[in-house]
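Supplied in structure tokens, the structure appears directly below.
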Amino acid sequence: MISKTFPGDFSSLGPISDFIANAAKQAGLDENSIYSVQLAVDEACTNIIEHAYGGEGNGEIVCRCDSNSESFRIELRDQGKQFNPDTIPVPEVGAPLESLGNRGAGLFLMKKLMDQVEFDFSKSNETILRMTKKK
Amino acid sequence: MISKTFPGDFSSLGPISDFIANAAKQAGLDENSIYSVQLAVDEACTNIIEHAYGGEGNGEIVCRCDSNSESFRIELRDQGKQFNPDTIPVPEVGAPLESLGNRGAGLFLMKKLMDQVEFDFSKSNETILRMTKKK
Amino acid sequence: MSITTSEYKRCNLVKMTGRIDSSTGDALMKTFKDLQEQGHFKLVFDMSEIDFMSSKGWWVLIETQKGSKRYNRGEVLLANVPDKILTSLDLVGMSHYFQVFDDVVSAVGFF
Amino acid sequence: MSITTSEYKRCNLVKMTGRIDSSTGDALMKTFKDLQEQGHFKLVFDMSEIDFMSSKGWWVLIETQKGSKRYNRGEVLLANVPDKILTSLDLVGMSHYFQVFDDVVSAVGFF
């Protein structure tokens, strides 16, 4: 298990990505899987900064990585605003260009990229996002 | 002194170029000088094949290289038709594109590239071209 | 991270290096917006040295593509898209909106 | 030695590798002539992998340039000319007849 805390700023996205890539490599994931995990984590952390914290400089993100023989697991913790993922609409794939909004693919993508994505809102002052990638 | 005989064919131009480049390198010439020597020799051998022998497959070209502390010397021998270099006009530099002929720079270039270019027609059955490049 | 632009007779080339994410995406957006404000809508984006692109990057490209295609005045072409980025673009049907070229020459030569 | 051609919207690219001399020059001339006979007069010649060019090569290029510039229908542009070849072109005032570009993209983007 390896854990690191980053300031909730967009400039942390690069370092978080490196941290995750290293851990995933150590866990033996292949290049494509590592990239998928990096991408899912980037989307998750961007959401934490933008939506949970409502902007940069308002809190921290704790990243924790763990692996066993079957999978690589990531936990992201924040102390920001909680939300209900079930109410978030799935983005329309293949819509005409002009009718595309200009955002809203992060959650969808995280689910596409990872084998399991689970928000834990059981503590009122902390959100835990758990994501798993099979080896 | 190093010497090698090549068939008077255009396909010899590459091997002759390599042979000359090696000898010039051994003699300590710098990259630019080596290229100049290669270019001069290529022009000279093309002329031997085209003009002295009147085409491919009609004779041989003997290449001989030699160097001392001051210069690198090349001798090219052929048994083809002799000619008078003094009657060859110098090509016009800077003429308008449309008025350019489509050949006639070989001799001019050899003189530009080398420090000395000398045709020896003293034997009636052999032409010796001597070229020198200062180190 | 660096962003370089080059102007050619019929198109402009934008090359970025490093990551495109929420930290760097706005700089890229500004580059494209500036070009479009100057009337340049035929754009080639060279991704050869991009090693990561989040959905932020896609929205920048989509936004730029919208601006370029409006009134048929141009198009954004992608060149040298790294395989893993192409795969992730496909995941969300993003690659559908862009012509992808193997190299910059082919993309510039397309206009 | 190899000669590759690529067709773009507004020009054709010719790339040759190895030596251009009296042994290989005719193949290059034929490539250019064929393109011109098919109506392609805007030509880019990528010299990045040419390691030697004798005056035979220049005449091929001059001949092609003449054909391209006639009736203002096009031009031959040179890209990636190795330094030592450029120097030798200068010796006989040859570089005077060609625009030289640092890379293929700039040359293709010129048309």
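Should a chain be cited, it is by its letter among A, B, C and D, assigned in written order, with residues numbered from 1 in that chain.
By our rule, a contact is a pair of C-beta atoms (placed from the backbone, for glycine too) under 8 Å apart; a residue touches a chain by one contact, two chains touch by 3 or more.
Note that the coordinates shown come from a computational prediction; the quantities given were computed from them, not determined experimentally.
Chains making contact with subunit B as well as with subunit C: D. Minimum number of contact steps separating subunit C from subunit D: 1.
In this assembly, the chain whose C-alpha centre lies farthest from subunit B is A.
Centre to centre, using the average C-alpha position, subunit A and subunit D are separated by 52 Å.
If you average the CA atoms of subunit B and of subunit D, the two centres end up 25 Å from each other. Computed centre separation for the pair subunit A/subunit B is 70 angstrom, with centres defined by C-alpha atoms. Annotation for subunit A: no residues touch two or more other chains.
The residues of subunit D never reach two or more other chains; the list is empty.
Of all possible chain pairings, those that touch are A-C, B-D, C-D. Those residues of subunit C that touch subunit A in the shared complex are 19, 21-23, 52, 54-56, 58-59, 62-63, 65-66, 69, 84, 87-88, 91-93, 96-97. Interface residues of subunit D facing subunit C in the complex, by the touch rule stated above, are 6, 8-11, 13, 104-106, 108-111. Of all residues in subunit A, those touching subunit C in their complex are 9-11, 13-14, 17, 31-32, 35-36, 38-39, 42-43, 46, 49-50, 91, 93-94, 97-98, 100, 102-103, 105-106, 108-109, 112-113.
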